[in-house]
Amino acid sequence: MTDLEKLVAINEIHCLMARRVRALDAHDWETYEACHAEDHVSAGPQWNPGGGRKAMMDALKKNMDGIRHIHFVHSPMIEILSPTEARGFWTLEDYLYWKQGDEDHWFHGWGHYDDTYGVRDGQWLFTSRRLSYMRKEHSPGSRREGEGNGS
Amino acid sequence: MTDLEKLVAINEIHCLMARRVRALDAHDWETYEACHAEDHVSAGPQWNPGGGRKAMMDALKKNMDGIRHIHFVHSPMIEILSPTEARGFWTLEDYLYWKQGDEDHWFHGWGHYDDTYGVRDGQWLFTSRRLSYMRKEHSPGSRREGEGNGS
Amino acid sequence: MTDLEKLVAINEIHCLMARRVRALDAHDWETYEACHAEDHVSAGPQWNPGGGRKAMMDALKKNMDGIRHIHFVHSPMIEILSPTEARGFWTLEDYLYWKQGDEDHWFHGWGHYDDTYGVRDGQWLFTSRRLSYMRKEHSPGSRREGEGNGS
């Protein structure tokens, strides 16, 4: 690949991540799903839906039902491995808010993503994502001690 | 436009936003104003100065007088529409601090920007900006319940 | 330099910063050191190790011993000055956590970096970094009133 081709790919992957987090926080699941290859695998600290995009989407929709949340991603480092393969690192700060009965609860996480990306039908998509938290805080009595969005 | 021309434009727009937020948080109003086209329109959730850059600057200077603040912007997704037109999406976290009499007050916002950009005299500038908050928190008794910087 | 050469350099500097903050928060001092030129100089608000990378590393390792921390960097504005010289601006949010005896303490900072970069043996490295805080908060009784990571 030429330098120019690599830079075009890096920009597309930056935009892919931005599209993903916007769709995630809007619960726009159709757009979110379309950011991922069919064989995508997500692995969170306490949550691994295993085989493929459909399992990830089912787990995510269930996990995020009734939750309001915000995901901020920073300082990407994308490496283009071939015309159809890349990997990337981002830092993440996420905030989750929900009710348990009448009680307000929250989770606040500081972590990073280790991703891989692949080209499918001419478009860069997520092929895997591993979220590792550096720090987690939560409201007393939270039922979500160890996890953020799980993907 | 070639891929290279688009990437050059995207980088210029990234730097435009960085220059804007640095000038904003420094109250460097001359630099801030120069980031915007004369016909720029900002629309915030409860604040819309309407016609043009001058109205925006007047409202902003009044709104931010006596306030210390910090704006962090993340994960841009810039789309070049033509050699002189583009649009962009960014996430935003902002923090405001001020006094009401002797009391310390604060606002903390989580949101995103939907911008448009245009070329004027060979330079990319903001032509519009819409700020939408996903979440807002403020100190009890704050006189700024619903707004951050307003632009 | 051509536009393409400048864009390649900007991407390398973006990745350099991402590598630095990942290594910093992991206390991976070997990788961290390798991000800096031998004559690198860091200047923090209350902390300036003076001459060169070795002094910076000695001060940093001592300063960060026993501290858990997170550094998020945003919205770079990189200017390529020559084929071997560049400067950059980033915003920073940092969080530090440590024990004083049995007590949990913390520092939370909002600032920005003014960096310079140079090419050494074909690779972009940090040659200087100045951290300026816009706001600092800390736990009551903290022994780290005025400083974050110091570099």
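We just call them A, B and C in the order they show up, numbering each chain from 1.
Everything below uses one rule, namely that a contact is a pair of C-beta atoms (placed from the backbone, for glycine too) under 8 Å apart; a residue touches a chain by one contact, two chains touch by 3 or more.
Computed from a prediction, not measured in an experiment: that's the story for all the values here.
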| item | value |
| --- | --- |
| Same vs different contact residues, subunit B with subunit C, by half of numbers used | different |
| Cα superposition of subunit A on its sequence copy subunit C - rotation in ° rounded to nearest 5 | 120 |
| Inter-chain centre distance, subunit B versus subunit C - centres from mean C-alpha coordinates, in Å | 26 |
| Subunit A residues counted as touching two or more neighbouring chains | 4, 7, 72, 74 |
| In the complex with subunit C, residue positions of subunit A that touch it | 3-4, 7, 10, 72, 74-78, 89, 91, 93, 110, 112, 134-135 |
| Subunit B contact footprint on subunit A (complex, rising order) | 4, 7-8, 11, 14-15, 17-19, 21-22, 25, 68, 70, 72-74, 95, 97 |
